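In the two complexes that follow, subunit A is the common piece, with subunit B as its partner first and subunit C second.
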Partner chain A sequence: MAAVTEHLTHEHPAERLRTNRLGLWLFIASESFLFAALISARYYLLGTERSEHLNQALGFAISLVLLTSSLFAYRAETAARFGDQRGFRRATATTIALGLLFMVGVVLEWREGLAFFPPSTLYGSAFFTLVGFHAFHVFTGVVALALLLFVGRDGRFGPENHWPVEGVVKYWHFVDVAWVFIFPTLYLVK
Partner chain B sequence: MAILKGIAGAVAGYALGFAVVAAAQLAMGNPVGGAVPVVIGSVFATVGWLLGVGLWRAWAREWFGLEPRLDVPTGPGRYFRFNTDHKVIGVQYLVTFVIVFGLAGLLAMVIRWELITPAADLGGDAYNQVMSLHGILMVAVAVAAVLGGLGNYCVPLMIGARDMAFPRLNALSYWLIPPVAVLLLTAPFVGGWDSGWTAYPPLSVVNAGGQVLFVVAIVIFGLSSILGGLNAIATILRMRAPGMTLMRMPIFVWSVLAASIISLLFTQFFAASLILVLLDRVAGTTFFEAAGGGNPLLYQHLFWFYSHPAVYVMILPGFGITLEVLTHFSRKPLFAYKGAVAGFLGIVVLSGIVWAHHMFTSGMAHFMNIPFMALTELISIPTGLVFLSALGTIWRGRLWLRTPMLFALAVLFNFAIGGVTGIYLADVATDIHLQDTYFVVAHFHYTIVGGEIFALMAGIYYWYPKITGRMYREGLGRLHAVWMFLAFQLVFLPLFVAGIHGMNRRINEYVEPLRGYNVFASVAAFVLGAVFLIALGNLVWSWARGRVAEANPWRATTLEWTTSSPPPPHNFEQTPEVVGDPYPYGEPGAVHVRPVTVPTIAGGSE
Partner chain C sequence: MAKPETVQGRRSAMALGTAVFVALIVLDAIEFVVAQVAGQLLLWMTLLAIPQAALILWFYMHIRQLWREEAH
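Now for the complex of A and B:
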């Protein structure tokens, strides 16, 4: 990935890696403002009020699934960095599976939510918007991980070329951390 | 060719997006149609456009494990394709936004024509649409022309870099702009939108379908702005030449850094607020619908949390150009360089905690009035540092009154008026009278047009020989500066008075006693509009036929003037080495950059 950009900017590969990392952190900072806007909208409209019909057990379960996926994402990154192709593929596939499991959980809670607090209610507006935005981020992360798995099938990721894996995995961690703020905002505060 | 492929991609994307949603609607047994297929179609069309225009070839192939194909085209064709050269992208931005500026300027002429008489010459709905389109197009110019155009062109040159930190992301940021223009300009054909550039609910939730296209357009524009800001920050922090410490950077680079921080972070709030409007319209949520428990004021909080900082995205690079030009054309080191940098950063910090001064009459909780008044007035301290730097620089300088300098001096005068009148709008007591009057209109035109657009003109004339390799006609340039300065005062000074007398903004009819101010302002506005024909003629003709410019016609000290005009594709023949402050005027023996052999191909060559 970095070859074209290194050619255009005349950077040493190690310098390029640092520039890429800075770019990703800036992107993450920007994205946190998006979630901050949506979370503050929830508190502005509702204070700490929440629906009585929330399935907190389901919410807790999918939170566990998502947080566990970050562990496997980390293993995928480390494996890629040390050139362990088999470990990279297994950890990436596990991360994707947990991400998909999370999204299945979201579908289940949406089905319950549509019955008890549809989007036309105030809590439903906040709930479906926040969870929807976050699920979309999870979806983009799953797509990116799937592309990594597909592209990396020839064993191209290794000590010299692990930035694509590192970048996607850091994004995945960010999406997890966003959920750490969203989950209490929607399910716990009262 | 690239553009044709982009159009094909856009058509295919729209068809695909529309079909997917229509199929889903059929599957759920709903009637096909409404806003959702159009929204998804537009998003898919934008992706298709990008892929067709060059994203696939140059970048996206890589995501699927294929070799990307990057060619380096030359000749005029290079401006019409996905090009990663920051100089090409800078020119693309500049030319695009000069065209947008012209369009929005014509709409301003329509507005002033309508307001010559107190009666409603143009229907209320048509007037609202004209005013809304003028507003958003000019906001786009103000956000992107200086940062995207001059920032892109000059920042890598000024810090001694070969290109931006993410050249392909840079091209992507630019090619996101055409879909924005298409969406905004097709909106009038589906009923337009009449809620101004601010798009307040509840109106924006219930008005014509053009509002939906507005929302999609602005979210795409916001993405372009965020990615551009990210790129500028990474470039300035990571790509500087050896010896170019932060405190040796030309002041314009500092202003771009400060403005980019705001773009990167705060733009998300504009996108979020508009997406909530869209959800209220198409997904049945109730964020702004009071009947469902929502609150329209939430929109104003989210919106102004971006849109107040946005005015600093506009004016900070304007300040940067002004200080840059003032120091070179006063032949003095920039006075209080560190103070100006502190001023820029102070404005960035304060920009995020003043938004509610737009809402004193909105019905928000009254206890918020006084804190937001005080915080807003604090902004005069960092702004004052910038002014101190400007005045100290020209004080006892040897002023060289060429066209860029005339514009830079005009910025000081105009922004002083814009700044002082801002105090009355920050003060709760006076704002309650002045809110939503022409006093506000005159105030923000003095700050943004009088400040940023005059600075943009200064920058265009200042860097014109570097960008084009040719010199504009100095006499016509000075005529432009003096004419624009005088006509601008005549348009907007009377509007302050009209506003104090109660002339509301966003109306197409008014009471008879206000006629005098309006006739005066309208005639002056036509005179102001006419000067741009002269300016355009000068700049276009000179680009083709003007005198060939030297590498450094202003004998300026910063790095962009050490390379040829226009610079070679790789910017510098050898990596420059920076050894001192950027403006070593009058300091014997002091230099900014270690002297190198000047390239022999100075002028005219590609």
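Now for the complex of A and C:
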């Protein structure tokens, strides 16, 4: 144990960064299996059947919001990597705002969904579980981004210390990747 | 003052991010339009979702860092 602690303490920064990245990618892979299981359950239970009451336009709109948030998350990471503190703070704040806007869209969709296909129905069960699970990830992403913005307000993230930004932003992009598959699965396929 | 190569590197990274974003929006819009007009939707949606995920994984999440050493 002591040897491991000593090794970690004296680990080269590049080595540590590589280890951090590998750990995050393993976490993302495990999360992917969860989303894949839920998407598979939707097709297993319902085939390609879809509710006619789904608001596809709203689904498309919140997709665009989430994709735009990914652009700003990328810009935040790039700004931190190049030491642009103002750019980092502005892009992170915009990403948070877009994440919250996405969640407002989900709430609107849930209000409509509850009227037409409540969770007690087969379709409602698949819809609310999948969207709810994803929305929870968006929520945790927003919290992580807000923490990043708070911690980074003194300009601590820069070219030599951008792993926290990279890690949170990677997680945010993963949430976007999951939605890229959830959106057609729930809103478009029939 | 920032070094010229740093400014240039940041500019090209931002431009790349914007280009990927435009590609994602276009693919998403095509997906939405195809869903209104085409049959065999599961196949079409899969064909359109995979490139979107690949663009995000490659350019935004830098998945290549897993097997390639990079300075950042």
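One rule holds in what follows: the second predicted complex is superposed on the first by the 181 of 190 C-alpha atoms of A that agree within 3 Å, B and C clash if a C-alpha of one lies under 4 Å from a C-alpha of the other, contacts with A are read in each partner's own complex, and residues count from 1 in each chain.
Following the convention adopted for this analysis, a contact is a pair of C-beta atoms (placed from the backbone, for glycine too) under 8 Å apart; a residue touches a chain by one contact, two chains touch by 3 or more.
These numbers come from a predicted model, not from an experiment.
**Student:** In the superposed model built on subunit A, check whether subunit B and subunit C fit or clash.
**Tutor:** The answer is fit.
**Student:** Which partner chains sit in contact with A:151 here, subunit B, subunit C, both or neither? Use first/second/both/neither.
**Tutor:** first
**Student:** In the overlaid three-chain picture, which partner chain does A:37 touch, first (subunit B) or second (subunit C), both, or neither?
**Tutor:** A:37 sits against subunit B, while subunit C stays out of touch.
**Student:** Can A:84 be said to touch subunit B (first), subunit C (second), both, or neither?
**Tutor:** The second partner, subunit C, only.
**Student:** If you stack the two complexes on chain A, which partner ends up touching A:69: first (subunit B), second (subunit C), both, or neither?
**Tutor:** Neither: A:69 stays clear of subunit B and subunit C.
**Student:** Could you say whether A:22 touches subunit B, subunit C, both of them, or neither, answering first, second, both or neither?
**Tutor:** In the superposition, A:22 contacts both subunit B and subunit C.
**Student:** State whether A:92 touches subunit B only (first), subunit C only (second), both chains, or neither.
**Tutor:** A:92: touches no partner chain.
**Student:** For the superposed arrangement, tell me the lowest C-alpha distance between subunit B and subunit C in Å.
**Tutor:** In this superposition, no C-alpha atom of subunit B lies closer than 11 Å to one of subunit C.
**Student:** What residues on subunit A does subunit C touch that subunit B touches too?
**Tutor:** 22
**Student:** Along subunit C, where are the residues that touch subunit A in the complex?
**Tutor:** On the subunit C side, the touching residues are 2, 6, 9-10, 13-14, 17-18, 20-21, 24-25, 28, 31-32, 35, 41-42, 45-46, 48-49, 52-53, 56-57, 60-63, 65-66, 72.
**Student:** Report the residues of subunit B in contact with subunit A in the complex, numbered from low to high.
**Tutor:** So the residues of subunit B in touch with subunit A come to 58, 62-65, 68, 70, 84, 161-169, 226, 230-231, 233-234, 237-239, 264-269, 271-273, 276, 279, 283-287, 292-295, 298, 301-302, 305, 570.
**Student:** Give the list of subunit A residues in touch with subunit B in this complex.
**Tutor:** For this pair, the touching residues of subunit A are 1, 4-5, 8-10, 15, 18-19, 22-23, 26-27, 29-31, 33-34, 36-38, 40-41, 44-45, 118-122, 124-125, 128-129, 147, 150-151, 154, 156.
**Student:** Would you pull the subunit A residues touching subunit C in the complex into a rising list?
**Tutor:** Subunit A reaches subunit C through residues 21-22, 25, 48, 56, 60, 63-64, 67-68, 70-71, 73-75, 78-79, 81-84, 159, 162, 170, 173-174, 176-177, 180-181, 183-185, 187-190.
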